[in-house]
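Next come two complexes, and both contain chain A; in the first it sits with chain B, in the second with chain C.
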Partner chain A sequence: MSKMFKKFEFFLFLVIVALIVFFAFSTENFFTLENLLDLLISYSFLGIMAAGMLVVLISGGIDLSFTAIATVAQYIMAIVIINYSGNLFSAFLVAGIIGIVLGGTNALLIYYLKAPAMIITIATLNLFYGFTIFITRGRWIYNFPDWFNQSHNVFSFTAADGTYYGIPLPVILLVLVFILTYIILKYTILGRKIFAMGGNIEAARRAGFNILGLTIFVYSYIGFLSGIGSVGQVLILHSVQPNAIVGRELEVIAATVLGGASLAGGAGSVLGTAMGVALLAIVWNGLIIMGVSSYWHKLIIGLIIICSVGINAYNRKRNALGGN
Partner chain B sequence: MKGILNKKLLLLLGVVLVGLFLTGMASAQDYEIVHVYKIAGIPFGNVEESGVVQAGEELNVNSYQIAPTEPDPAQQVRMIEDLIAKGVDAICVTPNDPSALEPVLMKAQKKGIIVVTNEAVGQKGADWDIETVDPKVWGANSFEKFAKLMNGEGEFALFVGGLEVQFHNDWADAALVVQKEKYPNMKLVTNRIPCGESIELSFTRTNELMKAYPNLKGIIGIGSLGPIGAAEALKAKNMAGKIIIAGSVMPEQSAPYLKAGLIQTGSMMDPKKLGYSMVYIAKLLLDGEEIKDGMEIPGLGAAVVDFEEKTIRLHGVLNITAENADKLGF
Partner chain C sequence: MNEEILTMHNISKNYGGVHALRSVDFSIKKGEVHCLVGENGSGKSTLIKIISGVVQPEKGAEIIINHKKENYLTPIKSIQKGIQVIYQDLSVFPNLTIGENIFMNYYAKGSIRWVDWKNIKNVARETIKKVKVNLDFNETVGSLSIADRQLVAICRAIATNAQLIIMDEPTSSLARHEIDALFSVIQQLRNAGITVLFVSHKLDEVMEISERVTVLRDGSKVGLFKRTEIDDKKLSYLMTGKEFVQEKLSEKVENRKALLEVKNLSKKNEYEDINFKLHQGEILGIVGMIGSGRTELAFSLFGMNPPNHGQILLEGKQVHFKSNESAIEAGIGYVPEDRIDQGLIMEQTIKNNATVTIFEKLLNHLKMIDKKKQQSTAQHWINTLSIRTSNIENPVKTLSGGNQQKIVLSKWLATNPKILILDSPTVGVDIAAKNSLYQIMRELSQRNIGIILISDEVPEILYNCHYILLMRKGRIVETFQPEEVTEKELNDKIIGDGQDE
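For the complex of A and B:
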């Protein structure tokens, strides 16, 4: 199993390198520190959610409601910050707790109703999102206090050519989330149990695994990451918009599956997911920088996803047939 | 006994007579014109209401605005039923769902009530629909302002909300016509980019554009979040004013950006003029005047009338600047 995924990851790595070389030679400004940083900033939120999605997919589940969870968390966080002040820590705390609670709700519904996770989470997507729109009337929020609106760069400098570089908090958050997810999946018993559950849930149950506990963990985890990721997004954009996140579920799932995670469960890696996100980011970014007309973008992205997933499926089939 | 009864009768007669006299007066000049808005309490609607009231004062009619507590077509239907029962002279309505209002508006028309709508081109049951933003005029005017800020030269990019949004495409087409005809030294770097309805996408695209086109001097956008996202990108790089940013924005939201010099100029549909124009047209219709192409509406320019669609197009766009952005009330 692991050999096969190493192979796929290697293939993905080659594709990314090829794309980088291609864009680096065909444009002036692609392969620059500034662009790399901008990419990280722009895709930090997508990456954080993809890490959560990876864990859910490995466990054999799926979550389509995390974008609504992120929206709810963003709204409640914004209301708390604006009305009761607080600090960055409390912002993350509030959003994280909301995420865990809503994710946990998903898990309980999925476990006790024994309905497909996809159906349950489509329902809760509408439930959470509908409730938010009902309460907030779809209002945008942008009157954050000044301390919240100032830039939260962990590290910044101005280069010799006068370009200002800043590494904002969300980028650090992305790195931390990837490391945390990597450790959970690779080095903890919990992580191995999640793989086992996704591989064969009945076997896991008979082996005495606490399936309820594992289900609660994976859905709370994606909820938690959606919550804190959404705060990171607000730190960059300084506004909350109810329809900004919902609708991006498929983008996140596409990035995760591009990175080798299987919708059937039991397979996937943090490295692969990171590369899946990177691939999407690089293609979008490169197309704009190359000056490709916006009318072509979606078409090209679609082709790349089909090719990549096709090659992954081919690899898998070959391996299943006992080839190398 | 008899005397008291007579006194009571006389009093009653008096009241009835006065009542008749008052209603007679009302139908003569004090029309009751009511605007049914989508939902109560939202800033845009509140400003629109001030326009409805202003028109009432200027035109000497009794005009006011009502709205349901939920953005619910059923509640609007009930409100319109009540207005019909009350016998108002004209109903202006901004439907939450045009098709849901069809029967009740037809009923109002049957009772001789003038019906005027907004945001409902081709509404059945309406005498006329009024639209106060013409994307073509707005796009052309916005580009003029933008071009002046750019001194008529340099590279620029154009944001729209979506490549399939007709209104935005009309706006963008009109802007580019002005550029081609009057500002040959300005250059659109790439096709219109669909990101104007998302701050995050506009932020990302702005960063990318600055790298792809190092000489980029300006960004103009339709879709109220494009300029905001572009401004956030400049802010993150300490580049306020290095690139001219213009386009459609919500006043209150854009105020801090305009003040910080991150956005140079903005514009938006003017809710006050919208409210004003509906009452104005309703009054014209009540006076029995004819709707003519090119007729002037105070503050909203010459009307472009589509007699087939029964649509009156006006131009009520608000210029938003650092000075007025936080005083407009929405």
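For the complex of A and C:
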């Protein structure tokens, strides 16, 4: 994008390196292949949703309902898989379609009711989630078929000491989602229109952009990613739980904003978002390994977000002043 | 050269029972700079909206673009016909680069799906070259000045081979030297064979740039004139139907009591060694380019920008304002340049805006705002300043620019000030409202209020001040009485050697 973002991303990168060095020297177990891989697996779901959030934030919108969408997608996918069998592909297909439909619903409500996206998606968060809990009575689902519960690894290998390593499917999914999102944002007209819409929606309308179409894409995209991401999560946990995802909306938004996306729209990058997620994951994991009381975790995360947003705002201001 | 690019016959438009346009005939010749002038509410915007396909005219209208009759014009169709509108708020994308902004209309076409960044750069480079302006296509638009953003908007319009560019009030937020730069760009466009429709209510600009002028008043066409046939006075009469007599103020005020005295006032990097006196009932004009330190000086007098050195004496006593609160208490009012951001709370009612400075005086014994008192105070000022509104409970944004400015004025008059500082009070206000603001200023001066008027508009300063200070690069470089200079001389002095900026 511009020099300013590159500068900010470079800063993020330095912070991440510093944190890794810090945790590597102050704990024994942080800087091990096993821990880092674990970290990657357990945060892949958050990362996938953050990519969707990035696109929504760039368009100038916001979505708080995507965790509910993910939960709905998980339940319906689980019911379909358990009752009608199928394969991994059909699991992703079902969850993806559910995500697109619910995300599209958000988009239509936002566009036609002309209400703030935040209000609409708080409403649909409750609607989607409440409905799911009502239908399923909040039951946990465990009884997946064996082919589903076996580990789905790509590029697996056994190390010299006999430990088995492999790159699990959710991680591959994360990488693919980041690449896809990067290409959409940087190299498609669609992506550039989303940036333009987030920068000045009135100007985008006057330029003849199809605002309804763009809105539908943006919210369906985060819905789609939440859907397929949620399948990845079930593959790791082997269960569907009503409250595993809902409640983590702010974490995802925080990671995205940490990565340089602006709540005002029009700004953000995939690289930044990836680093935002990584930063959050590393701090969280490092603190646990260090044995820091969990009371401190949220406080420290909060401080990091404030510092990051502050530095970003400062950079932007300096940039604006220097421009004249 | 007599070919017409656009011809319109019998254009009418009704909104409810209001006739925004009444069977107007309008035509533009290929390659000319044509001005469309009229007061606010004269139908200019409606006519532009019809040309750009945003609004449909009533039955019986005929629109011919390049000899082809258009039955139903939509925004997309209008763009395809080579018509581009540059709106007053510019419609640029601040988060994107100049290059991408210029390329934006290709995105809208929908025939491409993938971004070719090299192509974007090429198109941007070519376009910038065509207009002969100095822009770096890698820069983010958000960091540009308003004037440069306008150039970006113009580049964007011509990037897709626009034939007719409509500029809606393009100079409303530009400084004089930026206006000159814009005019030279318009000349470039003209040389490149592009037709320009320049919409404005600023007479001097119209006289400077146009070849032909169409005048609208109350939705009807008053006439089509060659520039050589008219002058400022005639144009002003055609637009308003009224004649305004401008007379310089000639009373001498030096012997009156001094309200405000400024001695050796300096602020680092802003202004230096400022000395002047403001007498009772005096209107003191401060002119100078943006960046001459005039606004910073005004802020200092209003307690919002403490000076480093020097003294401010109020009725002979030295004051040190810590904030604008103490300045207001001492009897100073300040009408800011930007009434929308700094002067008014747009969503709030007219009543609340008009009384916001005196809420404390309106409290009853329960420390609540006395509704009746507030109502009568607001009504009093609305009557005094003859502000046209149907209901003072309406949000202030429903008022026209001139009436909004009067509300800002009224909220300061309600504080019963001794001194009023007016920073560019008539920007974006039409002629009739302007003259009524001038009238109000003269009345205030009769009531012994001292006024400091900061303005870019030479006639405004020349015909409404007792005394004029010229600032350049933070210093007062010259002072004069209005009868000592002509409009042209004053204009030249203001620009002075400031053009290198």
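Following the convention adopted for this analysis, the second predicted complex is superposed on the first by the 321 of 324 C-alpha atoms of A that agree within 3 Å, B and C clash if a C-alpha of one lies under 4 Å from a C-alpha of the other, contacts with A are read in each partner's own complex, and residues count from 1 in each chain.
Everything below uses one rule, namely that a contact is a pair of C-beta atoms (placed from the backbone, for glycine too) under 8 Å apart; a residue touches a chain by one contact, two chains touch by 3 or more.
What you are looking at is a predicted structure, and each value in this text was computed from that prediction instead of being measured.
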item	value
Clash-or-fit label for the pair chain B, chain C on chain A	fit
Partner chain(s) touched by A:A267 [first = chain B, second = chain C, both, neither]	second
Angle at chain A between chain B and chain C, C-alpha centres, nearest 10 degrees	130
Partner chain(s) touched by A:S239 [first = chain B, second = chain C, both, neither]	first
First (chain B), second (chain C), both or neither touched by A:R192	second
Touching partner for A:R206 - first (chain B), second (chain C), both, neither	second
Partner chain in contact with A:G166 - chain B first, chain C second, else both or neither	first
Lowest inter-chain C-alpha distance for chain C and chain B in the superposed arrangement, angstrom	38
Doubly contacted residues of chain A, that is, touched by chain B and again by chain C	none
Residue ranges of chain C in contact with chain A within the complex	75-76, 79, 85, 87, 89-97, 100, 104-105, 107-108, 110, 112-115, 138-140, 142-145
Residues of chain A defined as touching chain B within the complex	27-30, 32, 34-35, 38, 41-42, 45, 137, 139-140, 142, 151, 163-164, 166, 168, 233, 236-239, 241, 244, 284-285, 288-295
For the chain A and chain C complex, residues of the former touching the latter	2, 4, 186-193, 195-196, 198-200, 202-204, 206-209, 265-267, 319-320, 322-324
Residues of chain B that touch chain A when the two form their complex	39, 42, 71, 163, 189-194, 198-200, 203-205, 207-209, 211-214, 225, 228-229, 232, 235-239, 250, 252-253
